Structure formats: structure tokens, C-alpha cells
Amino acid sequence: MYQVPDVHLLTFLPFVAVVLTGLVTMVLSAFGTEEQQARLPRIGLLGLAVSGIALLLAGTARTNSSFGGMLNMDGTAVWFHIVFLITTALTVALAADHFKDLGAEHREIYALLLFACMGMMLMAAAGNLVVLFIGLETMSVALYIMAAMGGRRQESSNEAALKYLLLGAFATGFLVYGMALLYGATGSLAVATISDTVAAGSAHVGYLAIGLALLTIGLGFKVALVPFHMWAPDVYEGSPTVVTAFMAVGPKLAGFAAMWRILHDAALPAQQQWMPVLAVLAVVTMLVGNLAALTQTNIKRLLAYSSIAHAGYIALGVMAGNQTGLQGVLYYAATYAFLSLAAFTVVLIANGDTNEQLHIDELRGLGKRAPLAAASLTVALVGMAGIPPLSGFLGKYLLFSAAVQSGHVAVAAIGVLCSVISVYYYFRLIVLMYMQPPVEGAQQIEITGYTKCALVATLVGTIILSLPIGWPIVLMAGWCAV
Amino acid sequence: MEPNESIAWVALGVAGALALIIASALPFISSLLGPRRPSDVKLQSYECGITPEQEAMGPVSVRFGVTAMLFLLFDIEVVFLYPWAAAFGRMGLFAVFEALVFLAILAVGYLWVWKRGAFEWDK
Amino acid sequence: MGFWEGLWRMALAPLVVLMVVLTTVPLWIWLERRVCARIQQRIGPNRVGVMGLLQPMADAAKLIFKEDITPAHVDRVVYLLAPIIALVPSMAALAVIPFGDLQAADVNIGVLWILALSSLAVYGVVLAGWASNNKWSMMGGIRSAAQMVSYELGMSLAIIAVLLTTSVYAASHGGHALSLRTAVNSQQGVGPLAWNFIWHLPAFVVFIIAAVAESNRAPFDLPEAEQELVAGFHTEYSSFRFAMFYMGEYVHMTTLSAVCTCLFFGGWLSPFAGIPLLARLNVSTVPVLMYLAPLFWFFLKVTLFIFLYIWLRWTLPRMRWDQLMALGWVVLLPAALVWVAVVTVLAGAGKVVDGFVFSGDGWFRLLSLLAVAAAYLIYRRRRGSS
């Protein structure tokens, strides 16, 4: 008789809630009446809320591992799950307004968002490389489809989806091959066993190094670290803005969660091997992301390069591999999620869905045309620039100090320098919004419904994470990071 | 591995090799024995006596692509079921519930694909 | 194990099995032509040899002396390889079939080997169609690929259903769940009553239909539908390369019939085994018959299936393309899926009450019969009411 694996319902209830909601929305998007289909966003939000409650219950479970260590619901996983649930909920809200009038097949976005959310959660809670891979693929495949849901600008969206699919499939190849080599080096796919084998020094050194390198490349693609970032600006630009908002946050953070699971949880004893590599990647990413953002005139490309730069900052925390590092990654994940979603929400408001140009000049005079949106974008940009007291400052402080603690003072210094550079292009947008007259014929923009809720939610989220209320949350992140 | 088992694997390889040898030898023998008198008309593509206008290796209906994709999806699900089925006898009721959840999710996907018209070839 | 036994088991047994199967091909061709003649009220070939038995041999000899034409515009390498790729997988698949004691390779993953190779068979057909650079061939090849992959799903799911009960048997009686030998052993009992085709009736029906479609035979012979596609994927082939496709079809039929015999018809088991009075006829005590009887029963069953193939081909009209795809995807696949779920529940329930009155198998059998009967009654009622 085979041993039945330990199954603790509480530990995977959050997943069940998301999957069931995803299935229900999927079935309704094909079989439901018009009335039921109009309710899809609400069903999605309800499922995410239920999953959030289940997450709290998971905290009360006797154990945090399930299925023989396949799932590992520790503090890190729970924190990431909360971030993913909030990200998905906000994206569902944006889709509710902006996908409403598009064709019937666009209503599948709710199911896809929920499945992608489940994939991301699986990545963050993976105790086994196979689970991590399944999560990654669930997320990626959903994203490939969503990138193609272009609505009225189908052609650029198709191009984006194809680019994303081809390069994504290529990166997945690297990832799987890396996993295979890690298995070859240690004889196991379980994160805990790999860690033990590496610590005992009985892993094959060469395979381990190549395997980790390939895994870093594969995940580096997903989180858009330079030099694996080439796809990001094109795909972000071509995809529907709602999807871009999700893409810039969810998969990126899930990629970092996976990177932490592999590099830290599985391969910490080999840190001397991967630390310098990640340090170089982080430095290059911060430099290229910020410098390239300086010259952008397309708002989505600008935000794409900015998101690449942020990946560089977060990579510092992963590189450090210590408790401060994880604390920084966790806190910055939450911070970045709100800031980035706020920025893309304003892009949606200011430029609409059908606009091909998305030139930053369209933000001119937004301070008069839509004061709430302009204020929200201002907070988001100031936050991203890392100016105190907003949340970005605390996050960067944690990440840079983690880098310093791990002995990379120069790297941290470059990070600070890059933050200073970023002030230029972030503030250029603020100047455009408040100190330039609107373009001819621009009208007042009224923000209503779900979009308004999302905008306010991101604003509130950012303020809660900022000083002085933000400090207890930093401590909470530290507690989750233990 | 027991000796009996390893012998079986060798035999499997031998059977495969024999099949390959027999299948390759037959047309080879035939090409030696048969006459060889090519002519332009003989070497033309057969289109019922009409000279072919264009290459045939062109694109085909995208419906075949959809079928191929669906096959991949469902075949992978079936592949997942094989190890489960082989171990079914030795696992407890857990295996039953596990499979029912799996099949239920598969069935939802199937219904969705059906509703979206992937199985309608006459439209 | 001595040298001779080793040689027998490693090399001679595979050779014997392949030779026997290749010898059966002309036999099936003869059977097909005679049966089709009967169905069409003709006589059929009766001149060459006794009852025309040597007619296929004469045909083969003729084909081997014909000119081997390679048309000018084909993709040469693929064109020449395609017939070989079409024939090899179905021949190699036979290696794991247990014909009684005779078995080329007694590996413990027989079912997987069969599935792996039968999905390779589609390559021969689709590559032949593509490489011929002929519109008829191309269309036939693509159609055949779509058809074979569509029916493969139903077929593999039907096999999974059988595998579940085999697995339950293997857990209590020993043996590997994926071995065809275990599948046959699990059908020991009171004659045909213990065979899977009764207890797995839905899976059996799905398997049989899928098997006909897999081997591209009427009523599913759209890849070579004469009226629309000349000869489909082998339009451009001549001489023995054409004969190889022809042979491939019959070898494929033999393989599928043999698998069907193992999984659903008790393999080499005698239909009289275990029946109180008729068991006297059991010959397993007579030295020579002891080895020949299983072979006899196995080949009898295979012949019955081949006859079924022929009967279907000359009785049923060809299906329309959309009907064919719909049958595969909308009828067979869900039917097999539902049956797998039903077997899971029934066999699971059987395990709970194991040893109560029946064994686990017994419970499954009882419940499965009830389930099929209930489904039939509901169907009758709904039909009667509408």
C-alpha cells in the first residue's frame, strides 16, 4: 500500500477557492446568460475575497506543509499570496470597466486572471520544483492568452502576444533544463532535499552551477532582468493596458518568489556561486532600466522600463539572501504592486483602451482634467522614485541595507544613484500633468465605477504602506520573513 | 533489475530492430527486382491526367491546428492518468477522490471547449 | 538459464512472433476478399491454390517485380522513409502481446509500449501525404492525422478503465498493472463471464470503434476516400512501397485485435475454463495441446475481430468528415471519460466493502453490470417518453 500523502485542507483552501471561482467564471463566460456574464467581475472578486479569508485560516493550521512537502505555506508564501490576491482583485476591477463593451470572448479574462493568480500562488508556495513549474506554466499560459485580448487594437496586441509566447516558451526551456540539471546534481526535486544535499556538499558542483545559472536565466526572463528584458517594453506596449497592469506586477513578483524558493530555500549553501551573478544582473538591470526610461515618450514603454528598474532593486534583496533581504523583497513587493497598479490605472483613465499612441503628452493638464487621477499618479511616481515618506523609500531602504549587510556596498551605492536618475523621468510626468496646458480639445474625464474603486484602493494602499503607518507593516514583513 | 526483466528489454529491442530490418529490406529488394523506365509523364504528380498547377505542400485549414492543440491537451491529461491507474490498486480511497477532482476539472474544460465550437466541423 | 533458452528468449521468440504475424497478413487479405465477395454475392478469388489461398502471395510477388516510381517533385528522403515508418510501429508493437506462453518480450509496461507505438503510426501516414507533394495525398495525410489523434484519446481512456481493474487485481494477486499478461490473468473465472468485455462494456465499445478508426478502415476510411481523394496519402506510391501501406493496415489491424483480445476478451484463456461440465474439455493436461490450446484460442479470437473489421467495412457506408470528428470528440471521448469516472467510483466502492461477500473484483463486476443496465433502462424510458 502506498503511503497517502499528508493532506491538510486548510493549507490549500486558498488555492481551492481561486480555482473553483476560476472554473465557475469560465463556465459562465461560455454558458451564462448576459445577466450572469455581467456579474462575472463580482463573482471573481468574491472568490478572491474568500481565498483571502481562507488564507487567514491557513495561518491557524497546525502545519504549513501539505502533500508531502509539495506545498509550503510559510510566512513568505502567505505574504506573497496576499499581494497576488490584491493585484488580481484590482485587475479584475479594471477589466470590469474596460472589457465590458468588448466581444464575448473577452469575458474569459476573469477566468484567466484567476487561473494566473492560482499559478502565481503556487509558485510562491512551491516546496518542489515540479509544483513551481506547474505554477509558472499556469500563470504564463493564461498571460499569453490575455496579452492577445486586444479588443479594438487587435493587431498590436496579437504581435505582443506572439512575442511573449515565443520568448516565454524559450525561457521555459531554460527553466526546465535547469531543473533537470539540479535534479541531476542533487537527485531530488524537493526544495528541502536539494538544500540538504547542497549543504552536505554531496551535490555535483558543475551540474549545480549550470542548473542554477539556467534557472536564473529562465526566471530572469519572467521578471525581466537585463539582459533578458528585451520582450518587456514591446509586450507591455502592445498588450491591453489592463493586462499590462497585471503583467507588470503579478508575474514579476511571482518570478521573484520562485527565485527566492530556488536560490535561497534550495541553494543557500551555494550562495557564493550565485551571489556575484545576481549582483551583476541587478546592477545592469537598475542602470539599463533607469537610463532607457529617460528617453521614452510612450507612457507604457516608460513604465515598462521603470518596472525593469524595479526588478533590479528587488533582485538586490534576493541577492543578499538574508533576513533583511527577504523582508525588503516582501515589503517592496506589496509597495510596488500598489504603485505600479496605480500608475497603469491612470494610464487607462488618461489614454483609454483604444489609443495607439499613448504619448506622454496626453498626460498634459491631467491635473485639471482629472484631479483624482493626477493626484494618484503623482503619489505613485513619487513613491516609485523612493522619496520619503512614501512607501517606495522604506522598501528601497530595506533592499539597499540588505545589500550592504551582504557586503555589496558599491552595488547599494549604484542603486541609490539609479534612484536619483529615476527622479528625473518620474517628475517629468508630474510636471506635464500640473504645469502644462491640456492638448487642444481635451475634455474633462469622469472616473466612475470599478475604476474609481481601484484608483482609491491603490492610493489607500500606498498611504497605508508609507511612513509612519508603514513601519509596523515592515515589521510584519520581517516576521513573515523568518 | 531481475535477469528475466532485462532479457525482456533486450528482446524488445531485438523485436524493434527486426521490424525495422524487415520493413527496410522489402522495398529495397523490390527496387532491385523491378524495372526502371522513368518518363516525364510517370514522374508527374497524379492529378487525374491534368498537369499540376502549383505545389501541394501549402498551408491547410486552421481547424486542423485547433484539433492538434486539443489533442495535446487531452493527451497530456490521459498521460497523467496512466501512472495513477497503474497505482490505483495499491492506493486507498485517496486515489478515488483525487481522480474524481481531476476528472471534474477536465470535464469543465471539455464542456467549455465544446461550447466554444471546437468540435463543429460543418460550420 | 542455458544458452539456447537465452537465445530463444532474446532473439528467436521476437523473430518467430514477427514471422507469424507477417504470415497472417496474406491470410487476412484472402479472408477479406472472400468475405467481401460473399457479402456482394460473388465468389471471390478461388483459382490460385486451394480456395484461392495463394492469391495474396501471387499479388505480393507481382508487386515486388513492379517498377518503383519516385515522382519528380516529392521530398525524396521522407517519401522513401514514410512506408517504413508506417509499417514498423505496428509490427514492433506486437512484441509485447502475450500469445499464451509465446511472447516476444515480456516487459512489464506492455500497455505503454502499445500506446507509444500506435501513436507513432500516424507519422507514416501524414509524412507520406506531405512528402508526395500531391494535393490528394496532402489532404489524405492531414485528415488521417486529425482522425487518428482524435480517436486515440477515446482509445487510451478506454484502456485506462481496464487498467484500473487490472491494477486492483495486480495489487492482490501480484504482477505488474501495465503488463498485458496481468490483464489476461485478471480475467480468469467462469469462462467468458469473467472477461472484461462484459464488465467493461462501454470501454469495449469505445475501444472497438476507435480501433477501426485508428487503422483508417471503412467506415472511417476518409484518408483514402476513393471518390474524393483518389487513394489519399498513398496516391503517389507504387510497387512494394504501396504494398507496405497495404501490409501496414493489416498488421495494424492484427495488433489492435490482439490488444483488444488481451484487454477485453481474456487473451489466451479458453471460453470453457471454469465452467463445471465443459471444463472436462480443458486440454491443459495433455502435453502438446497444453501449449497449442492457448495459441489456438488467441488466434481464434483475433480472427473473430478481423472478421468484424471486414464485416463492418463491407456493410457500412463511409461517414461524413464532420460526423467522423464529432463521433470521436463528442461521443467516444466523453463516454470513455465518464466510464473511467464510473469505474473509479465502483472499484473504489468495491475496495471499501472488500471481502464482505465478494472480492474487490466481484463487487466491481456486480456494480458495473447494474450501472450499465440502469443506463440502458433510463435510455429506453427517455426514448419511450419522447
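We call the chains A, B and C, going by the order they appear; numbering starts again at 1 in every chain.
The rule we apply is simple: a residue touches a chain if its C-beta (ideal position, glycine included) is under 8 Å from a C-beta of that chain, and two chains touch if they have at least 3 such contacts.
The structure displayed is predicted, hence computed values, not measured ones.
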item: Relative to subunit B, chain with the most remote C-alpha centre; value: A
item: Innermost chain, taking as reference the mean of every protein Cα atom displayed; value: B
item: Chain centre separation in whole Å, for subunit C relative to subunit B (CA means); value: 15
item: Rounded Å distance, subunit A centre to subunit B centre (Cα mean); value: 39
item: Distance from the mean Cα position of subunit C to that of subunit A, given in whole angstrom; value: 51
item: Residue numbers of subunit B (touch at least two other chains); value: 87, 90, 92
item: Subunit A residues touching subunit B - in the complex, by the definition given at the top; value: 1-2, 4-5, 7, 19, 23, 26-27, 30-31
item: Subunit C contact footprint on subunit B (complex, rising order); value: 3-5, 7-12, 14-16, 18-20, 22-24, 26-27, 29-31, 33-38, 42-48, 52, 55-58, 60, 64, 67-68, 70-71, 74-75, 78, 81-82, 85-90, 92-93, 95-96, 99-100, 103, 106-107, 110, 114, 118-122
item: Sites on subunit B touched by subunit A in the complex; value: 87, 90-92, 94, 105, 108, 111-112, 115-116
item: Subunit B-facing residues of subunit C, complex; value: 1, 6, 9-11, 13-15, 17-18, 22, 63-73, 75, 80, 83-84, 87-88, 91-92, 94-96, 104-108, 112-113, 130, 132-138, 142, 145-146, 149-150, 152-153, 156-157, 160, 163-164, 166-172, 176-178, 230, 235-236, 239-241, 243-244, 321-322, 325-326, 329-330, 333-334, 337, 340-341, 344-345, 347-348, 351-352
